[in-house]
Amino acid sequence: MIVKDVVCPFCGCLCDDIEVEVEGNRVVSVGNACELGTTKLAGEKRMKNPILRDGNEWKDITYDEAIRYAADMLLSAERPLLYGWSGTHGEAQCVGVHMAELVRGVIDNTSSVCHGPSILAIQEVGHPGCTLGVVKNRADLVIYWGSNPIDAHPRHLSRYTRYADGFFLENAFRDRKVVVVDIRRTETANIADEFVQIKPGGDYAVLSALRAIVRGKTETIPRTVAGVTREQLVRVVDLCKEAKFGAVYFGLGLTMTQGKYKNIRNAIELVSELNRHTKFTISAMRGHYNVYGSNEVNTWMTGYPFGIDFSRGIAFYNPGETTAVDILARKECDAALIVGSDPAAHFPRRCLEHLADIPVVQLDPYPNATTAFCNVQIPVAVTGIDAEGTAYRMDGVPIRTRKVLSTDYPSDAEVLSRMYALMQEGREG
Amino acid sequence: MSELLIKNACVIDPLRGINAETMDIAILDGKIVEDVSGAAEVIDARGALTLPGGIDSHTHICGTKVNFGRYMSPEDMRAGRTPRRGPMHSTSGYSVPTTYGNSYRYSAMGYTTLLEGAMAPLEARHTHEEFTYTPLQDTMANALFDGNWGILEAIRDGDTKRVAAIIAWTLRAVKGFAVKLTNPGGTEAWQWGKNVSCIRDPVPYFEVTPAEIIRSVVEANELLHLPHSVHLHCNNLGTPGNYTCTLGSLGLIPDLNPKRQTLYATHVQFHAYGGSGWKDFCSKSEPIARLVNMRPQIVIDMGQVMFGRTTTMTADGPMEFNLYRLHHDKWSNHDVELETGSGIIPVIYRRKNLVNSIMWAIGLELALLTKNPWQCLLTTDNPNGAPFVRYPEIIALLMSKRYRDAEFATIHPDTGSRVPLPAIERELDWYEIAVMTRAGQAKALGIQDLGKGHLGPGAEADVAIYPIRIDEVDPSVDYQKVIEAFGRTEYTIKRGRVVSRRGDCLVDGSNATFWVRPKVSDDYDMGKDPDFIEKFDRYYTVRMRNYPVQEEYLNRNRCIETEAEI
Amino acid sequence: MTYLMVTGRTVNQGVTVENKTSAEYAEETSTCFMHEFDMLELGLDDGDAIQVTGPCGEVVMRAVASAEVEMGTVFVPYGPYANHIIDADTHSTGMPDFKSHEVEIEPTDEEPKTVHKLMEDLGGLAYDR
Amino acid sequence: MKVTLAMKPTNTSFIPIEAESIVPKNFLLGTDLSVWRGNRELNLDEVFSVSVEGEADRPEDIEVVILGEDTFRLKRVGEYMDGGKITVLGDIGMHCGNFMSGGTIEIHGNADGWLGREMAGGTILCRGDAANYCASGYRGGRKGMTGGTVEVFGRAGHFLAENISGGAVTVHGDAGDMAGAEMRDGTLIVHGDCSRPAANMKGGSCYVYGTAHAMLPTFKKIGTVRHEGRTLIHFTGDIANRGKGNLFVKDYRYLD
């Protein structure tokens, strides 16, 4: 059987045109998806049943036992951390927020280590953006800044930019210019019309210089800025001003380098300035397929997109203090629930050393690096494969992922709802 | 079976012509009935003012744009934070509170039904998700059609029936309630960084004018027999001299519907400006109100501005960019492919600012100069003019000349020469306030037959009991008491359950979502139209099959089917 | 020699990311992409083991020449190997310096550890069923 | 009146203790105050041995002395303080002196992040180092410090005085990256080096007596001025931001 219009649960592009061929209860082939999506949809070895760490070995336990363990752990903690959330559907994220609120814990999602800085910047200066289709249909200039879609978002170029024809661009490849700004000559840089190579750590200075040039203050700018000649800066500004519709897509090359959110703020202020001359938008290349959804859910339920501390009952937000890496590195939590992410693979070692010291429960379909630090791991269905639910694309468009297989694995939402019910009995009942 | 009896209620129920009669209200299983058994739970209202549940016919509480307002405003979230308490979840925010914050605060003020003023069809799923977490009010959403490519093309081809067909398909797909036009044509122009100056100014490429869009969509709306009329946010919001554009837009509207208005013009305060610039900026509420008084086919809402901090958010992207250039503060913009756009910036309305003072006066003037309260409803275009928690003050201002004068004395001294307000003696009475806050909304939205906005047998048992005796309070003098009373009900009853008591919400609740499904003939089913399907596949970035909002997103599904003429 | 270590996504990292216990994932995330001149200077051939020392300790990776990186810069795919030496300090922003770490690199005879071993060194317990 | 709070030695848990109740005026009504460890409410005397000497009927006459090994775990000490004195004989945790409007806080050791955030008045003296966001604003980029003075005798971290809109901040050692970012008004003086000072400034004055590393290219050189016996190079900017601020540095290096 072939399932059409399947939603790919890998990256923030959330491609929804995938064709999956299912035989029996297996995915046998995947069409239209990139390599990343294909591998994920084709599936990997799943964990069979919940496991409990017992001294130096692993014991199989039932879902009831595992869920009870997690509920008790969270209820007895003084400052539990509920982390992850970008690898699951919105319905599960909502239960997660209610849990954090009930036990007065800290809830954070993976954006704190991907585009959290972008959010901090947006909170300072706002965000002139648009949906991906607006760019596809109109943009005659696209700038990739500190992002490498060929590796991280392989279909971004073909669906929305370089190779995507649109309503006002019959031949995108000819009519649309692409500029790439990076410290490395990435594969994406090789398909650009203009490549701007910046010295590491120089993004902020270059962005400031561009803003000044847009405002006609070229004479103040030194001959080179972070390795970029003033001539090239002027050329880029001219490209921007001549464009009818320009779109900037930035990635972790801006969020993870010195200055962090100040880089993004500067990029946004450049785009806002350019809007006085022509139409310009800017958007983050969100990584996980539903990391943006976790920001959305957290925001409508708590008022803040990530890093929310309920210790005092009310929601307190202060990234750098209430975010997962800081809390773990400073040993400021005494239990952790991990859902839909793998901090042990993506956090610095000092964080893992604390994970090793506290009780940890993880919901994840696969054995992963974090498994090693778990007291209990609960295998769940994979959203987009054997569970359905809401995901938010990198541009904020919500799409309901499809279920292509039916398995016996419960979804994150089911497991968390049972956990929450037990916790409510424990706390309120 | 659950029975409830409200005794000794001083009822004002305009849709049934009841004005301050002391009576009992019987409720059985969520509906109002003639009588209940002796076993019914009893609430003694002790003569307190009792009204149908409040209805907000234009507010921004759920969806992509609203949530982005929250997302970008941690400083706003610091205000009004409450912890989880009993059945109440924690809340944050003042001008853009969390969904629970909106729901609890509206409920404490006696509101039981809310219409989200602007939902981009492509992002409708988001609005419905937030509705689920707005538990204490029934909800419905306006779907945006101002920049819809299919509709612009159909209008260019002079095919009004196709316009209707696209609206029908879309409303059904996104579970929308009504048709919204925000700066018609302007939001499409804005995707090129441009705007349309007024209703005769053609939209780039599509070459249709806002006037053509308004007229054609109004006709299409009536072809579909939708409960609500077209809901219009006029072009040129917020610019000096825009009142002529507003008069022109309202002047386009024929009287096509015997049951309700043919056009609902929203937050008209923002569209009633005179002057050639900010220097000679002044009120033009009088010509606007005069026109409305002559045109029963028009209903407007105030869009009242109140002094203080708030966040402006609208689908009107170009307008928000102009505001940004004035304030040079945070600015967000979000254009939506093939459909519409939106913009957000925070603002502070200051008493000492002449323009802000004039805006404040204009909203009140519109309400006081519109003779028939059924034609001018109370809103702030929440949160654009002010957060909805300011409604009680607005009610008091409309009921008390003395309060208006006291406030007027504190605003910019030059205001007097720019506005007619000081000369207006009218003070609205309790009945008129009831019309402007629930009955009028029910009629304008076309939901009175669904049991909304009145307390007649068969109606939804949505009731607000306010801690005030209108026979003991003179609102023109004791306006402070009016503010307190409307700020916090004694009881708010939703579908027969007490959901809010003296400001505390008692249940988690679960709302109903109202949406419309016009029945059209196969020829006009866009789901089967090759040209529509081909363009959808080519230009949208979401597959047509993944576009419609699944029923999983509706709690209590209140689908309204209409028999379309196509 | 001191280098600037930049970490980031690669297709292979993404392809193997849902199977972190696989040899492929370990191989990809323990690869240190270097400029060929830098490798010459250290007398390294493709695939040679190197000891990479950062602010929080050291880890063994394999050097592979890449045209994408500048001299003085090395690129390592996101994963447990890079994170074994990355400092957790976020400068109060929530975000560590994943893309700007000074590291020392020298040849070594040791082999890269398995992901399991790395986790166990930090107090974890491998699950390999 | 002198209130001495000697922090009791605790187990290894590093869970922070939020102690916004530790403000001089609160002790006018006695010492029956509570603090929070994570989500647990504790009485003051569960965390400190409390001793009170003398009496007072106004905050100005109250000094609170905090000592112990673990004082670095105390957050929000002196929040909304409007008078009196707090002396910390050691390190202090995050958010010390937030929203402070009067009185004095003296820290003998180091201060963690957000020392004197959104401070409006009063004085903070930090004998050791101050971590990131000293005298800064809150997320969302609204006004930072609007008044009062902060003096750090050691070094300061990144984002020093971010969004400062009034008052004066002096750091005797080096400061980190982005010192005085988004500065609107007020004065920032760094005796040592720092990097990318006054980024995106709109107004105010920023002095760097040492070297400005990675100096931003969007400041316009005006000339040299004498300032307190030093010769400094005068820039205006940030021109990327239509800024009218003044930046004075002893010397600078572009990232060219």
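We just call them A, B, C and D in the order they show up, numbering each chain from 1.
To be clear about the criterion, a contact is a pair of C-beta atoms (placed from the backbone, for glycine too) under 8 Å apart; a residue touches a chain by one contact, two chains touch by 3 or more.
Quick caveat: nothing in here was measured; it's all calculated off a predicted structure.
With A-D and A-B as the two chain pairs, more C-beta contacts join A-B. Centrality by Cα centroid goes to chain A. Taking the CA centroid of subunit C as reference, the farthest chain centroid is that of B.
One simple way to say how far apart two chains are is to compare their mean CA positions; for subunit A and subunit D this gives 33 Å.
Distance between chain centres (mean CA atoms), subunit B to subunit C: 56 Å. As a whole-number value, the distance joining the C-alpha centres of subunit A and subunit B reads 34 Å.
Between the CA-based centres of subunit A and subunit C the separation comes to 22 Å, rounded to the whole angstrom. Each of residues 72-74, 330 in subunit B touches at least two other chains.
Within subunit A, contacts with two or more other chains are made by residues 120, 123-125, 201, 258, 310, 312, 317, 319-321.
Along subunit C, residues 91-92 each make contact with two or more other chains. All chain pairs that touch, listed by label, are A-B, A-C, A-D, B-D, C-D.
Residues 113-114, 131-133, 157-159, 176-177 of subunit D are the ones touching subunit C in the complex. By the touch criterion stated above, subunit B contacts subunit D in their complex at residues 72-76, 78, 330.
Chain contact summary for the complex, subunit D toward subunit A: residues 13-16, 18, 36-40, 94, 113-114, 132-133, 138-141, 177-178, 181-182, 196, 199-200, 214, 216-220, 238-242, 254-256. Touching subunit A in their complex are the following residues of subunit B: 62, 64, 67-68, 70-74, 77, 81-84, 89-93, 97-101, 122-123, 125-126, 129-130, 133, 149, 191-193, 205, 321, 324-325, 330-338, 341, 344-345, 538-543, 545-546, 550, 552.
On the subunit C side of its complex with subunit A, the touching residues are 4, 6, 8-11, 14-21, 29, 56-57, 67-70, 73, 75, 78-80, 83-100, 115-116, 119-120, 122-129.
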